[in-house]
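In what comes next, chain A is part of two complexes: it sits with chain B in the first one and with chain C in the second one.
So, the complex of A and B:
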């Protein structure tokens, strides 16, 4: 019983970080059909900027975290203004944008490597101490992670459902042409979407690095998790991605505990492929897949 | 028969290209340059196969390096554990790679483009993590523990192709021609696929998937066929890589390598026949250049890739044909002008 509770705590912590990492990815795919291979770099940049603001420039921690998150948003916007904007109307946008963002990913990762070196750092955003409830250990760090992730995702959900700006995003996701005819400036919507994705990813990066450590390729691992989560949820389903992330986080923790940490991800991937054989559009995907 | 003349034209070009590469060792004798050309031929072969899959068949696979690595590991593992010569291990590696492709293809290729890309990417990541984190000793030789799949270090120092004994100081030339042979096979296969009946099917599916399906073409089946064929030759190339460098390890799976080869295809020209070869040559030169500038290799690769996707989405092949069109249009305009003047 204790083991199960402990797994649940670990799993929920993992799951909330995965959710933060994958919701932005799902949102970009849902609104603009763009799969961002550089999404993991948004995480890395957020984490490193937060680290630099705190250690190098000596800012207070809460401020450093905010700057780290803002940096993710700025990079997201810059990517839209410099690259994505010019490719949106291409016939093969879906594949070429993946190639372009893969280029951006390797470029940014190399720049970070040159700037900070390959040596892993410890993220300063740490909260010491732990809570013991009925022999289950809950660190304050994981409570902070869960609260922070829940707050950010809640804020995004509120923005999407209760504001005109969120309405514009949802309208664009449903039908770009119709949204344009109703007066939505889709170009601007795409910019906002990449901003949101950047912010969420940077926040995820800071949280993830507080558990692991900072390294130039720290984004790869959560990015692949986010890929798998988005795929099994059905590409573009934002709510689905959030739910799937929590479920897969708990599953990974359980598999890690009972079988071995090495097999957490492989088992997850195997299950995902199995799910896709029976539901090719993912668990929450709406459109049927055209089969031929 | 229009298709056949195109096929013959490309086959003639193939003979010419191979002849040029075959003559090179007469003029270039430095081992370093020969090594660089060998590496170029290996990447050109991988890029060509990937282009068949990505550009022509329309399968957005990010798992090509897995098949490359399977070929390489086959040579490494058989050489280390059973002292099998690479000559025998190479074709076996290619067959294992093709079989793996069949299994992965059956599981994944039914899905949409983006799903295929993400799943193949995730599978490669999973395999590389499993190999890296394996700490259980399979054999222990001289206090050195080797896990079944080599762990983080991989395999090295196994038997080579045997030219060191046969040709002594000139062994690189022997390897050179073996790699050239593999490149020839790989190019021949790619030309036969692109300009043969399979290529016709790919074009039909690319033009209108629903119409092609209505005419009884099974898209998934054609995708799996393309996946398996290209995996076979990619695996063969990986095997010859391992035989030449006497190395097979998890560094083959690294993301920068994938983007490096992707850049070759995009810069050469997606959907072209010969583009990837020129792309490979250009990228090799670029990397040499980056080495001199001080290890900015990946920054440069990323930058060039983004620039090409943005400005020359059809790569060099597309840019040159555009240029040729513009020149011929200008010429015809001039011709009509003079005609009017007369």
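So, the complex of A and C:
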């Protein structure tokens, strides 16, 4: 019983972080058909900005977290305004944007390396303390991660389903031309999508670094996992990505306990292969549509 | 007297007035040879550092670069190597595999004209740079702590005359660990709850070799292995591993997955509900980054390194100057490695009559011959090479004379603000072993 509880706590903590990391990626792909290779760097930037705001500039921690999250949105918007908008209408957009965003990722990572060095700094956004549930210790940090992730993802789901802004995003994802004919400013929608993706990624980066440390390449591992989750869920399925992230997080923890920690990630990769063979569009439907 | 030899004389006086003890052994010899010899040329000698400046090994990589730079400054202040200044060029191996490591080493030789390669450790198979160095006939010094080096060089010393590992291989971690806990028990300093050892290792061969050496030898010392777990890098959430440890409480926990950030998270999460186990974190806990991230959870952690800064005048002097130069977050244990390797190389090169260019095996072989026969005392102890394998001897496992081997030191952290205090072996121990505060049994 203790083991099952421990697996659930670990799995939900991991899954929450994976969910935050992957829903932004799914949203971007579902709306724009863009696989953002710089998504991992949005996470890194959020984590470093939060760190700097608190440690270097001495801001209150809650404000530093908000600044870090906002920084992800700003970088997302900047990428749209400086790069993406000029490539959107190219016939080979899906391919070229991957190369372009990979270039952005390398550039941003090198800039962070230049500025901060490679020393693994400690993320100050941490909550000390713990509680015991049926002899399993649950840290306040884990509870904060799960709560924060659920709140942000819930907010995004609400925005997508209950606001005109969300409707515009979904309409654009379904058919860009039809959306434009209905008066949707698709360029603006794309900008908003990258802003949201940046915000979610930055939040994920802060949470992930709170359980690890800061390093310029800290976004690489979560990006790979987010990609795996998006493929298994079905590229573009936001709700699917969230659910898949939680399921894979728990699965990874269970495999870690019952079989061995080293088999967790290879099993996820094996799952991707199976999904691509038997359900190429993913577990949650077809590509190209944002389904909240 | 040439300009350069005059400069050398001046440098020697000012150097001896200002430099610390840890440079005197190396740089004073160098100054002497510089004064006596005619300068070869004013051309700088490029020392290539294929170092992991990014990725999982970067915390150490930063220190390796600093160590090289600090040694180069001192060597140049003493007049360089026979009048030629030393210039450091670093290529990032990105904590990657053989592809990254090989290309970094090759780039240093072919693009930057490196005459020798000196580094701390890299990942990969740990036999990649030996082949690069053999093809280019340049001396290569590293602290990979790898049995793979010993096997490679020992199998073909004619080909690998230029490759030197200036520390013992990783298998000594296993032997030394079992020796040490047995001694703790026999002397009554520690009474374990049982004879079980839980081993947690990582994906890198180095970590696996250490874990295997403990696993293979444990029974001979009267211990049994209750868990052998391999984790991936990075590992942020240790929940499943800790659940297994708590289910079958071991007397000893050994973590050979040495990434300092991962080890720090292990300790933080372990201490939320600790078992009565003596926790040993191999190497990573010796770095400042570990204490920085783990904070109070670093207290009482036991760690070991077979190439760490020793107590005593030489080690203390180096530590003081290193921290003064690079700040409190710097790790002298890392920097000392490349620092002493470069000093040793410079001394050998000066005695051999200078450094050859790449692909000049005549002069570089003379440097290698000098290295093979030199005993060098740096901040981490005495470097003396086994002539067949060109691996440094280990004290006290291979030799009982601390002046003839690199000490395998055990340390325990007393405060998060300070490096651990050496608790073994004599004559370098400065503190007694303390039972960790989380052990209540």
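We adopt the following convention: the second predicted complex is superposed on the first by the 286 of 292 C-alpha atoms of A that agree within 3 Å, B and C clash if a C-alpha of one lies under 4 Å from a C-alpha of the other, contacts with A are read in each partner's own complex, and residues count from 1 in each chain.
One rule holds in what follows: a residue touches a chain if its C-beta (ideal position, glycine included) is under 8 Å from a C-beta of that chain, and two chains touch if they have at least 3 such contacts.
Given the structure is predicted, the values throughout are model-derived calculations rather than measurements.
On the shared subunit chain A, the superposed partners chain B and chain C overlap sterically. Of the two partner chains placed around the shared chain by superposition, neither chain B nor chain C is touched by A:89. More residues of chain A lie in touch with B than with the remaining chain of the pair chain B and chain C. In the superposition on chain A, contact of A:164 is made with neither chain B nor chain C.
Of the two partner chains, chain B and chain C are each touched by A:262.
The single stretch of chain C with clashing C-alpha atoms against chain B, selected from 3-11, 57-65, 93-101 or 273-281, is 93-101. Shared contact residues of chain A with chain B and chain C: 113, 217, 262, 265. Against chain B, in their complex, chain A makes its touches with residues 29, 35, 83, 86-87, 90, 94-96, 98-100, 102-111, 113-114, 217, 220, 224, 227-228, 230-231, 235, 262, 265-266, 269, 272-273, 276-277, 280, 289-292. In the complex of the two chains, the chain C residues touching chain A come out as 53-55, 58-59, 61-62, 203, 229-232, 234-237, 239-244, 246-247, 260-262, 264-265, 269, 272-273, 289, 292-293, 295, 329. If you check the complex, the residues on chain A that touch chain C are 2-3, 6-7, 9-10, 13-14, 113, 117-122, 130, 132, 137, 139, 208, 211-213, 215-217, 221, 253-254, 256-257, 260-262, 264-265.
Residues of chain B touching chain A in their complex: 54, 60, 107-108, 110-115, 117-119, 121-123, 125-126, 129-130, 133-134, 205, 209-210, 212-213, 217-220, 255-256, 258-259, 262-263, 266, 296-299, 301-306, 309-310, 313.
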